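Multiple structures follow.
Two complexes, one shared chain (subunit A), two partners (subunit B, subunit C).
The block that comes next holds the complex of A and B.
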């Protein structure tokens, strides 16, 4: 219906390879970005600060992880550590007087260097073993963060983040923080969407399908694996830094612990491996669904006047979050992106449902 | 010298208890090639169940432990039947995340319903240490190490029974096992059930050492390091790797902690995993898998 391709024809290769081929998608994207830009006037402040801003920053982070997991097919259970390196480096740079943008880029570079270390085992092993070695590295980085006072100031310490500005323009209001997050997420999304169309993207996909086979057809497996880890860690580090500057406004080691790595992988899988809209939906779903479901359950319990002990209530978000991960894996392993795709494919050929695309 | 011996002996006993936790991972990996990241959650749930059966329902010590082991066996079996079996053929990361999702659920559900505060494991072990010459040994560790050895020996014997031989065949080749009439699915489910029972036993020992609360699930990293170093599919490897990890952890933290301000114990297991995978991915005794395109 809406996604009609009737009358869409391409006379150049460039048009054929455009990011959004179907006219409706172009319109929808424009409307979505316009609405996102106008959000500070449309939604309440609380909603903006505590839901939309982290959602956008997490989308950027998940796009970076999805580049690695979805396109290059490498498992990474230590993304939280990479984000931590980015956040701490950026904050230290900013405290030393670097401007916000340079601090974030510096944080990204530091994270990329450390993240390439995570990629080291990928040169030898993959799959299960890669998962376990990245898990171990997460533990090591966590430990270093807590134990080296020069980085974190000690286990219990909180580093305050200096007030960021952009080219001399102070980013002090909630709306300014939100717009920074939005601009960052859009930039990263554009980058990742374009990587998919280049030779690098094709090489990564070949790598994902089977690295030996990719090597046989002339892809330098070492180089592209290292590149995938480097770029994804760069994005992750910058996201960690932006998260620290625009959302937390202070950094502590627990903000980027193992549970964050697990959450990031859950976002990628629930969203859909190798999908851009999936990264956006997955980040939002894992971030917001447990909060809302818990809220709903509390109200339900209150309405039915069931007494739930505080201890049970305190553990409920954890149960819901875990159940969402397992439930999605069992019922829709391809994630939210697949659900979106189902609707899109249905509408593309509507009313001729039998011409399956 | 006494200090070193004390650290080494206590470390070795702790390492044996790690080995018991790791043998649950090894069992499942042998039969189905899945690494169960929920093993820490299983251990925690097992410990909670033992506590609940003994302290809440008033069962005796042995019946309580047996009831908990049986319940955990049922939980392991159900996990395979309802969740893992549907994931056959999915990418590794999906299966890993599924088990991690289970871990998160258990970590929320069990303390949420049975109480989050640390509970003493109702086992009558005296807190007084055992003196071996000048060397001081924790009594709980001795019992734990002994039970761990007995359990691993029992598992080794189990692999000589009919069901155990079927499990070895399944670990070798699913297709060939089907061809000779071994019920592969049922055998894999059995390995999950046995692993659940082992987790309950591990829960008893570790619950006695550090009390029953959610932090028992952190045993996962230690168990994983032991299993990886041992080679993931070797029971003998698990015992030897348990010794190595336990002694390393105890000796390194004993000597290095005073200089760096403590906490080295937590990172040794992670370093062991990383170095093992970098240098010798198939571990000390694991089977080297030759990959073909």
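The block that comes next holds the complex of A and C.
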């Protein structure tokens, strides 16, 4: 009922392409962004540091992967490696004296080059075969990180991240780190939203749907596949770097291992392929649900004064979490974004549901 | 139905250039005398032991509607795939607008002004009608990652400029009511129209239509025939048409080429083709001495 489109009459083509067409959505977006900006005063520090900051950075990373998987339709099982390349490059740049922003961009570029190289098989293969070749990227990068001390300092080593600053302002407090993550996520989300509504995004979807039909309307399929890998790896590399600077504050090889790549794919699929809001929801769900489930179980056990053994407590959240993912995907294979969309579509015409086809 | 805005009106507003000069206006009966825009010389394409296209030579003049007909499996679609670059011929060459395009890849051929539609539709599902047609403008759009990133200051102007052109095509093909619908929800007749709109949005000089009326009812066929004539007369496209509906072929084509088992068995104006004994034999079979049809 809030989403009503009554009275929305576009008079320009640009207005028709606005990011939020329905007035209520514009208000909601404004409130959300204001609340997000004021979060350091609204939520406890622990919440800010261990939930919100990683969620935002992961969202940016997932937006990059979604561009590749959801829109260009290319599967990628080595996204963690791409993030690792970005993180290690950025940290080494920063240790060599580069300012934070340049280090992050440099990390993104390094990841983009490596990621595009491993996107080359996509010119020839697709589906499972592409999954295998991107998995190779993960294997090679994992191996290099452990075996080449010049990059990682060795298997057991932890590389400390220099204290970042932005245009001379030190980003030392938790709030500053959070705001950096927020600004980064918003920038990436805006970029991806713009890709979606312009020619580049349409071309990516075209090659996902029918590559021969894309070719026949003049889309250079090879070029756009390479572009998708480049952009997605660039975003992934920058996200990996921001994650290292703003959340971990140190880099070790296992932060970006295979399990991270799998988690990233899960975030994209649970959130919804090819959806911006889905990237937010998917990253949030996969990252935070296990924590909250464990928390809830603990409180439940305390309230009912049942004694749950530590090992049960460690495993129960995983069971519930797995069941939740399965349940959500059975309910709506297109992910959380589609669930949101269903509610939105219902509200748009409420209470005149019969007007919908 | 909605009132059809005259395309000539659009042309005089300067939105669409009238490509064909009055002198070169296509003659509905008889043979066009415009210059040759497409020249296929003795094309051969084999698949293993099967020769799908066997020394076929086709010339298409500017402003002409050329129909290619033939029984199932006679090589019509293969011929189209050769012209649009999906297959490479084993022999022969294709010259489009004075340029050899035999070895070019499909997207490069599209950039030269060749648009096509597919027999079993190749719209992009997951996108609206509008986005599909906007993709037809892809070859004319100057957009890159930077114009995309700086959408509000840069990309929006390019998007708007092409949206205007796309809206004219939507107007021409009467697709206004479904503009924002996802293509996968539309009935097949409308989908074929959207695909034609996407092809026309590229403002092609050569339009290749692969059975644009398959699966349509009589009314939809009549609309489609009108749109094809509009594409030729108002937008100045030359048309290569593969079609099974003989009534349509007879009504709108200037010239007909007949293929059978990959071989070109006849060529000429539609009325003459209908009486050609070789064509009748290919379509109906010929009477043998034992009285059986073969």
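Note that in this section the second predicted complex is superposed on the first by the 321 of 357 C-alpha atoms of A that agree within 3 Å, B and C clash if a C-alpha of one lies under 4 Å from a C-alpha of the other, contacts with A are read in each partner's own complex, and residues count from 1 in each chain.
As a working rule, contacts are C-beta pairs under 8 Å (C-beta built on N, C-alpha and C of every residue); 3 or more make two chains touch, one makes a residue touch a chain.
Note that this is a predicted model, so its numbers are computed, not measured.
Colleague: Of the two partners subunit B and subunit C, indicate the one touching more residues belonging to subunit A.
Modeller: Per-residue touch count on subunit A favours B.
Colleague: Examine A:212 and indicate which partner it touches, taking first as subunit B and second as subunit C; both and neither are also allowed.
Modeller: Both partners, subunit B and subunit C.
Colleague: Who does A:299 touch here: subunit B (first), subunit C (second), both, or neither?
Modeller: Neither subunit B nor subunit C is touched by A:299.
Colleague: Determine, under the contact definition given at the top, whether A:342 touches first (subunit B), second (subunit C), both, or neither.
Modeller: After superposition on chain A, A:342 lies in contact with neither partner.
Colleague: With the two structures laid over each other on chain A, which partner does A:197 touch: subunit B (first), subunit C (second), both, or neither?
Modeller: So A:197 only meets subunit C here.
Colleague: Contact-wise, after the overlay, does A:173 reach subunit B, subunit C, both or neither (first, second, both, neither)?
Modeller: neither
Colleague: Looking at the overlay, what does A:50 touch: subunit B (first), subunit C (second), both, or neither?
Modeller: Neither partner.
Colleague: Which parts of subunit A are in contact with subunit B and also with subunit C?
Modeller: After superposing on chain A, subunit A residues 210, 212-213, 216 contact both subunit B and subunit C.
Colleague: Residues of subunit A touching subunit C in their complex?
Modeller: By the definition above, subunit A touches subunit C via 12-14, 17, 191, 194-195, 197-203, 205-206, 208-210, 212-221, 227, 231, 274, 357.
Colleague: Which of the residues in subunit A come into contact with subunit B in the complex?
Modeller: Residues of subunit A touching subunit B: 69, 75, 77, 120-121, 124-125, 127-129, 131-133, 135-140, 143, 146-147, 210, 212-213, 216, 262, 265-266, 269, 311-312, 314-326, 329-330, 333.
Colleague: Touching subunit A in the complex: which residues of subunit B?
Modeller: Within the complex, subunit B contacts subunit A at residues 35, 83, 86-87, 90, 92-94, 96-98, 100-109, 111-113, 115-116, 221, 224-225, 228, 260-261, 263, 266-267, 269-274, 277-278, 281, 291-293.
Colleague: Write out the stretch or stretches of subunit C touching subunit A in their complex.
Modeller: 84-86, 105-107, 110-111, 115-116, 118, 122-127, 131, 134-139, 141, 143-145, 147-149, 151, 155-156, 158-160, 163-164, 167, 185, 198-199, 202
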